[in-house]
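Following are the structures in question.
Heads up, the next two complexes both have chain A, just with different partners, chain B and then chain C.
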Partner chain A sequence: MTPVLHYIALKTGRALFVVWAAFTVTFVLLFVLPANPVDLLFDPAELNAIPPEVKAQVADNYGFNEPVVLQYLDRLGHALTGDFGNSVQSGKPVVGAVLDVLPSTLALAAGALALAVLIAFGIALVATATRRAWLRNLVETLPSGAVSVPVFLSGVLMLQIFSFQLGWFPSFGDQGWRSLVLPLVTLAIPVAGPIAQLLVRSFAGEFHSGYVTTSWAKGATRGRIIVGDVLRNAALPALTIAGVTFGNLIAGAVITETVFARKGVGRMTQTAINTLDLPLVAGIVVLVAVSFAVINLAVDLIFPVLDPRLRATLTAGNPG
Partner chain B sequence: MTSPPVNAETPASTEAPPVSDPLLRIRGLAVDYRTGREWTPAVRGVDLHVEPGEFVSLVGESGSGKTTLIQGALGLLPAAARIRSGSIAYSDVDVTGWNDRRMALVRGNYVGFIPQDPNTSLNPVKRVGQQVIEAVRFNRPRGTPAARYREAALESLRTAGLTDTERVFHQYPHELSGGMKQRALIAIALAGRPRIIVADEPTSALDVTVQKRILDHLVRLRAELGIGILLVTHDLGIALERSDRILVMRRGEIVEEGPVERVVAGATSEYTRRLLDAAPSRHAGRLTADSAVRPQPRPGAVALRAEGLSKTYRLRNRAVLRALDTADLTVREGTTHAIVGESGAGKSTLAGILAGFVAADHGTVHLGERRLTGLPRKRLRELRKDLQFVFQNPFTSLDPRFTVRRLIAEPLRAFGLPAGDRVTELLAAVALDGSYLDRLPSQLSGGQRQRVAIARALALAPRVLILDEAVSALDVSVQAQILRLLVDLQAERGLSYVFVTHDLGVVRLIADDVTVMRSGAVVETGPAEQILTAPRHEYTRQLLDAVPGALV
Partner chain C sequence: MSDLRSSIENAESGRRRWPWIAGGAVLAVLLAAGITVALARGDSGAKAAGDGSPARGGTLQFALIDYQRSPDPQWGTNYAESLIGNNVTDKLTWQDPDTGEITPWLAESWEYNADLTEFTFHLRKDVTFSDGTRFDSAAVKANFDQYVHGDQKLGINPNGAVLLSGYVETRTPDDWTAVVRFAKPLASFLQASSFTANAQPGFLSLATLKLSAEQRTDATKVIGTGPFVYESWEEQVKTVLVKRKGYNWAPPALRHQGEAYLDRIVFNTIPEASVRTGSLASGTIDATLDVGTTDEEPLRAKGFKIIHRSVSGTAIYFNFNSRLFPTNDIAVRKAIQLGWNRESIEKTVLTDSYSIATSVLNKSVRGYVDYSGSVLKYDPEQAKKLLDDAGWKLGADGIRVKDGKRLEVKLLGISNLVVNKPAYESVQQDLRKIGIDLQLTVVPIPDYSAQVAKAKTDWNVTAANRSRNDPAALNLVYNPKLGNSSFLDANSTGVDVNEVTTALDSLETTLDPAERDAYAKTAQDLLVEKYALVNPIYNPSQVIAHADHVHGIVFDAQSRNHFVNAWKSNGK
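So, the complex of A and B:
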C-alpha cells in the first residue's frame, strides 16, 4: 500500500471508529446503565401508575429481556443497514425523521462555520495589517468578547434589534435566506471567538518569522507579505480548530434553533430528550457523530494538500 | 547593474550619483529600544561605509547592537525601536525615515539581504523557484513577460552556486539541506541585481565545511559581480579571514575599525585585543589549570568505556536511519575526551546513550567497573550520582521559575541529601558569590546560567561529566571563561569529561583525546595533539581546513 493510501485508510478508519464509539457509548448510556431501561420510556410522574404487564409488554417489544450482548449486536446490525428503530412519539422511522431535519441544521452549522471563519480571518487581518495601535487593541479584544456572550443572550438581543425594532429579518421560521441570517450570525459569533484568537496569534507569529524578513528584503510590500506569505501558513492551525469546533456548532444549534423556532436536529434533540424518545436520541447522536467525523476527515485530508511538509512525511516516511 | 533607487517624490535623487559614492553610508546612527516607558540606546552614533566591490565585516558579540544596526540600514527595525539621530544613505540617496512602501524600492533592488538561519528564512509552503521568482518580479519593471522571470530566477540560482537548478526550482524548502537553502537565499538576495549585499551571520547555523563553501562563494561573487558585501558576524576568525576591512562593535559603538592586516598587527582597542586573545585558535595547546595541582590520575585507569554501540531509528516506510554504528569510546580518568563531528554525525545519540537517556540497540557502556547498559531504571538512578550531564542551551535547561538555590539543590533533594551549605559551596566553585542564590534564571546572563548548570551537575560529586555542546551557545569571551572554569574544576576534583562539540577550535583548548565522528561512525580517535596536527583521515583534514581563523 502506498503511504498516501495508508494515510487515507488510517484517517478513514479513525472516523469510522469515532462513529462506532458514539454508537456504543450511546447504547451503554441509554440501554445498559439504567437499572430498568423501560422506566426511562415513561414519564417519571406517572411511572408508578403504570401496570407491570404493560411494562413487561414494552420491555419485550424493545428486546430488553434479551442478553445485553445480543441487544447490542442486534441494534448495531440494524444501525449498519440504516435502521435505528422507530420514534416512540411519532412511530415513524428514526432515520427518516432525522434526515428530514438534518439538512436544515447542516446548512445552519456549515453556514455559521463559514461565517465564523470569515469573521476570524477579518479580525486577524485587521489586527496584523493595521499600524494603528488603538485599532489593533480594539480588534484583539473582540474574540474574548465573542466567546463570553452566551448564544441565548445574543440571539434574543439580535431578535430584539433586527427583527422587532428594525424589522429587517423575520423573527422565526425557516422560509428563505432571510430567516437564516439572524440564526447564522448568532451561532457564528461564539464560534468565531476561539478561531479568531488562534488566528490573531498565529498571524502575529508568522508575521515576525524569518521568511517574512526575507520577503521584506526582496522588496515586497506589506499587503503582498500578508496575502502571499502569512495567510497560508497561519491558516494551517486554524483549520484543525475549525474542524473540532464543528462539534460546538451542533451543540449551539440546539439553543439557536429553540430561540429562533427553526426546525432542525437541535430542536428535535430537545424534544426527544423531553419526551424520553430513546430510539430517536440514539439515532440523532449517531448521525451527528457521522457528520462530525466526516468534517474532521475532510480537514485531515485537506491538510497534506495545503502543507507540503506533511505531504513529504507521507511519501518519504520521515520519522515524526 | 540596475541604477540606484530613483524616487519621484525627491527630485534631488533623480540624478544618478557618481560612481565614487559609497554603496552604503551610515552617519552617526543612533537607535533606541523602548523598554516600558523608557528608551534604551542600542546603537549609539555609528559611522559605517561600504565601497563598491569592498568586503566589510561587522564583528560583535550578542547584545552589541550589530543586528539592530543592519535592521536600521534595511528599514526593518521592529516596532519597539526608533532612530533617534543619524542618517542612512545608499549611493548618496538618503533613505532615513522612509516608510515601507518607499523602502520596498530599495530593498532587493539595491540592497540584497542574506538572513541568519536558512532553516526558517524560506516560506515552507512555497516552492523555492516561486520564492526566487518573486524576488525577481518585485524588482523588475512591470510588463516583463513571465518567461523572463523564470529565466532570471534560474540564472540567479546558478549564480548562487546551485548546480541542479531545474530540480531545486521545483522543490520545497524542507527538501533541501541547510547549505542548499542558504544558497537559495543567496539566489533570492541576488535576484534583484543589488549593488550591495548585507549578510547577517549567514553561516552560523551551518556546519563548518558548508560554512567554508558558502563564504568562499560570497567572496567569489564579490569579485565576479563587483558588488559590495557587508558581513555581520560574531566570529572574528571569519571576519579576519574574508574581509578587506573590519569594524568591531561593542555596546552600540564601533570600537575598532581598519583594514584586516592593521587590526591583526596591532588592534588599537583593548576589547579587540581581548577578542583576539579569546579566539580558540590563538592558543597553541590545551588550557592548563592555574589553581590546584592536578591530582595524578592512575595511569591507564578508565572512567567510562563504551564498546560497539549501535542505534538505529526505524522510519515510517521501513527505511532505517543508522544513527550510531558500532562506536567505541574510552575516557581515561581525569581527562577530557572530545567527540567532534558535523550535524548528523551521531554525537548527540552517543552522548545520550552514555548518559543513559537513550537505550542502545547493541553494545555496552561501563562506568568504571560497573556496567551501565541494560540496567533497570532504579539501578541506573543510583549511577546518576557518578555521571552527570550539562546541556547545550543554558536558556532552556534551567527551570525559569526556580531560584539558583533551588536549581542547584534539586539533585541533592532528589537523592534525599541535605542541601545546606553545599549550595553556597558549589556556587563558589563555579565562581559565583552568594548574592546569586535567590535570583531567577531570567536575571542571569548566558555565561552565568551555564555556570549554574555546571554547579547543578557537580552537586552529587560525580566522577564523569557529559557536556553536550556546553559552550556553543555562548559568546567567544564567555566561552573562554567557561572553558577555563571546566579545566580548573577538572584539576581540583579529578573529573573526567566527555565533551561533545562541533567546534574544533574549542577542542584544541580542552581535549586530551579526540574522537571524530561522521554519519554515525567513528572516523578517527586518538590523542588531541595527533588528531589536530597530524590527522590520518581525509575527513578530519577537511574539518580542520574549514575552521576559520587561521589568520588570528
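So, the complex of A and C:
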C-alpha cells in the first residue's frame, strides 16, 4: 500500500470508529439514565395510577421489553441499513424527521459560518492593516467579547430592537430569508470569536515572516502583501479548528433555534434528550458524529494538499 | 528586519485611515437611528374593539410554549396537543365550566344502569367527519376500542386505558345508539366522555383509526368531526387549522350556530416567554397562552386583555408519604399544613389569575369543600404545639429533632409551572421558622418521572396536580388500589386504610348529585382534615393575553380553549 493510501485508510477507519462509538455510547447512556421513555408518554401526575400491564403494552410497542443486548444489536443492524426506527414521541420515522429539520439547520449553520468567517477576516484585516494603535487594540478585543456574549442574550436583544420595535424582521418561525437574518447574526457572533482570535494571531505572525520582507523589498504595497501573501498562509491554521467551529455552531444552534422558534436539529436534539426518545437521539447523534468525522476527515485529507511540508513527509513514508 | 518593515510602514503613513473612521461613524449613526425609531414606535398597542356582534373570517395567530408532537388528538400530554385536539375533534358530551354539569354534544341524551357499569348514549344524526363519512355508533365503538386497547400492529398506544379503566366493550344496538360497558362501576365515565385535556376521547374517522402512528403524522389524514380541520402540521414550529365547512354541531351550551367564525387558526410554538409577549405587543400575533406572572401587568397596561381560568381538578398539592419517616407522623403532616403563610405567597408569587388552595380540590370541581377555616390556614403557634406534643425538640441549628433524627422532609416537585418553585420556597422558609427542614428537589418532567418510581422509599412529599374536573380525580390519585399517592397500606400508622379506600371507592358508585357531594366531602375530610395526607398549596391557572380585537375564546371545564366562538374585529 502506498503511504498516501495508507494515510487515507487510517483516517477513514478512525472516522468510522468514531461514528460507531457515538452510536454505542448514546445507547448505553440512554439506558443507564434512570427515567423510562415509556413513562414520558404519560401525564407525570398520572404515572403511579397507570396499571403495569398498560405500561408493558406501551413498552412492547417500541421493543423496549427485549433484552438490552438484543435491542442494541437490532438497532445497530437497522442503523447500518440507514433505518433508525420511529420516534417514540411523534411516531415519525427518525430519518425523515431529521431530514425534515436538517435543511433549516444547514441554512442557519452555513450562513452563520460564512458570516462568521467574513467577520473574522474583517477583524483580522483591520487589526493587521491599521496603524492606529487604539483601533487595533479595540478591534483585537472584539473576538474575546464575541465569545463571551451569551447567544441567548444577543438573540433576545436583537429581537427587541429589529423585530418588536422596528418590525424589520419576523420574530419567530420560518418565513423565507427575512426569518434567517437575525438568527444568522446571533449565531455568527460567538462562532466568529475563536476564528478571529486565531486569524489575528496568525496574521501578525505571517506579517513578520521572511517572505513578507521579501515582498516589501520588491516594492509591494501593504494591501497587496496582505491580500496576496499573508491572507493565504494565515488562513491555514483556521482550517484546523473547523471541528471546534462545527461544535460551536451546533451548540449555538440549539439556543438560536429556541429563541427564534425555528425548527432544527438543535431544538430537536434538546427535546429528544428531554423525552429520552431513544431512536431519535441515536439518529441525531449518528448524524452529528458522521458530520464531525467527515469534516475532520476532509481537513485531514485536504491538509497535505495545501501544506507542501506535510505532503513531503507523507511521500517519505511517515503517515501521521 | 523589523526596522526595515517599520521604516516602510512609516513611509506609507497617512493612507487609508479614513475608511475605518467613516465605517465606524456610519455604524454608530445606523445604530442610533435604529434605537430612535424603535423608541418612537414603542407605543404601538392593541387596536380598538368592534361593536360586539361577531364578524366572520380572519386568521387568528395564537402562540403557546409547547408544540404538538403528533397530530393524533387521542394522545398528548401538553396544552398544545389538547387545545388543537379540542378544535379538530368533538366529544360525546360537554361539561359546563361553571356548574360542572354534563350537557349534550355529539350525544343528545343518555342514561345509565343503577350499577353505573352501562352507559347508553343516543347520538345526533346529523354529524359527519370531514371526509364526508357519518358519525354513528360504529364510529363510537371503533374509537373507544382502539382508545382503550391500543393497536400493536399500528403502533398505537392504549391512550385511554386509565381514563376508561375497566372498559369492556361498546355495543351498537342501532346506528344511533352506543352502549358503553364497564367491568366495575365508573360514575366518572360520564365526565370522561366530555374530557378535553391530555389524551382525550375525541372521535376520529374509521379511515383515520386504520392508520399507523407513522401515517398519522400526515396531519391532513387525521380526520375528526370538529369545527376546524388540519391544514398543516409542522413539528416544533406550528399547526394550522382551517374552518370546517358545514359544521353545525357545537355544544348546545355554547349557543353557537353553524360554522366557526374564524377562517384559520395558526398555533405558533414560541418557547421563549419574552418572544411571546414581544410578538403580541408588536402585533405579530393576536393572542398567547402561557403568559408568565410577571408579564400580566405590563401587558394589561399596554391595553391587552388578560383572560384566565383556574385548572380544574386538584390543586397543586404536597402528597405526604405516610410510610416514610418523618411524614409517617401525623403531627408532622398537620404541622406542615398549618406552618406556612398563605398571604405571603399570594402577595409575592401569585397574580390575581391564581389562588391559594382551600381544599385538595379546586373550587370549580363539584363537591369541593372549603378548609381554609379549619386546617388549611397559617397558624404557626398551633403547628409548634403539635410538634412539641409529639416529642419533636428544637435542635441547635433551629431544626427539630426526635430520637436523634432531624425533622428533614424531602420534597420532589416539577418545575414545569414557573410559579411552583418560588411558591415552594416560600413554604420552605416558613416551615424553617417552626423547626422543619423542607428540602426541595424541583426538577423538569423527565427527572420527576424518573424519581417518582422511587417515591415510596425516597421522598416524603411529591408535589404535582391532576387536571380532571370530577371529584373522582381524588380516587385516581389517592385510592390505595390506584395511584396511592400517600402509599397507604396496612402498616400506615394512625390511618384506617379501609376507611379511606371505601370513601374513595364510593365516588365511582353514584351520579346522584347530592350523594356524590356527600361522598366528595367525606373523601376530602379524610384526606385533608382527619389524616392530613395532603397539603394543598395553590390553584394553577391557564392565562391568555390577547389583543382587543380578539373575542370569544372559550375556556372549557378542563380550562382548555375552544375557538368555534372566537372572532376578530380588526378585519384581518
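Keep this in mind: the second predicted complex is superposed on the first by the 283 of 320 C-alpha atoms of A that agree within 3 Å, B and C clash if a C-alpha of one lies under 4 Å from a C-alpha of the other, contacts with A are read in each partner's own complex, and residues count from 1 in each chain.
Note that a residue touches a chain if its C-beta (ideal position, glycine included) is under 8 Å from a C-beta of that chain, and two chains touch if they have at least 3 such contacts.
On a predicted model such as this, the values are computed, not experimentally measured, just so you know.
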First, second, both or neither for A:T130, with chain B first and chain C second: second
Contacts of A:L80 with chain B and chain C, given as first, second, both or neither: neither
Partner chain in contact with A:T213 - chain B first, chain C second, else both or neither: both
Chain B versus chain C as contact partner of A:R222, first or second or both or neither: both
Chain B versus chain C as contact partner of A:L306, first or second or both or neither: first
First (chain B), second (chain C), both or neither touched by A:K92: second
Partner, of chain C and chain B, that touches more residues belonging to chain A: C
Which superposed partner A:V69 touches (first chain B, second chain C, both, neither): neither
Chain A residues contacted in one complex by chain B, in the other by chain C: 210, 213, 216-217, 221-222
Touch list for chain C against partner chain A, complex: 1-2, 4-5, 8-9, 12-13, 16-17, 20, 34-35, 37-39, 41-42, 63, 69-70, 72, 75, 77, 150, 152, 155-158, 161-162, 165, 198-199, 212-214, 216-217, 234-238, 268-272, 274-275, 278-279, 281-282, 284, 414, 444-453, 455, 464-467, 476-477, 482-485
Contacting residues of chain A [partner chain C, same complex]: 33-36, 39-51, 54, 57-58, 60-61, 86, 89-93, 97, 100-101, 126, 129-132, 135, 156, 159-167, 170-174, 207-208, 210, 212-213, 216-217, 221-223, 258-264, 267-268, 271, 274-276
List of chain A residues in touch with chain B within their complex: 3, 209-211, 213-222, 224, 228-229, 232-233, 306-309, 312-313, 316-319
Complex contact set, residues of chain B against chain A: 74, 76, 100-101, 104-109, 111-113, 115-117, 120-126, 131, 134-135, 138-139, 172, 174-175, 185, 188-189, 191-192, 313-319, 321
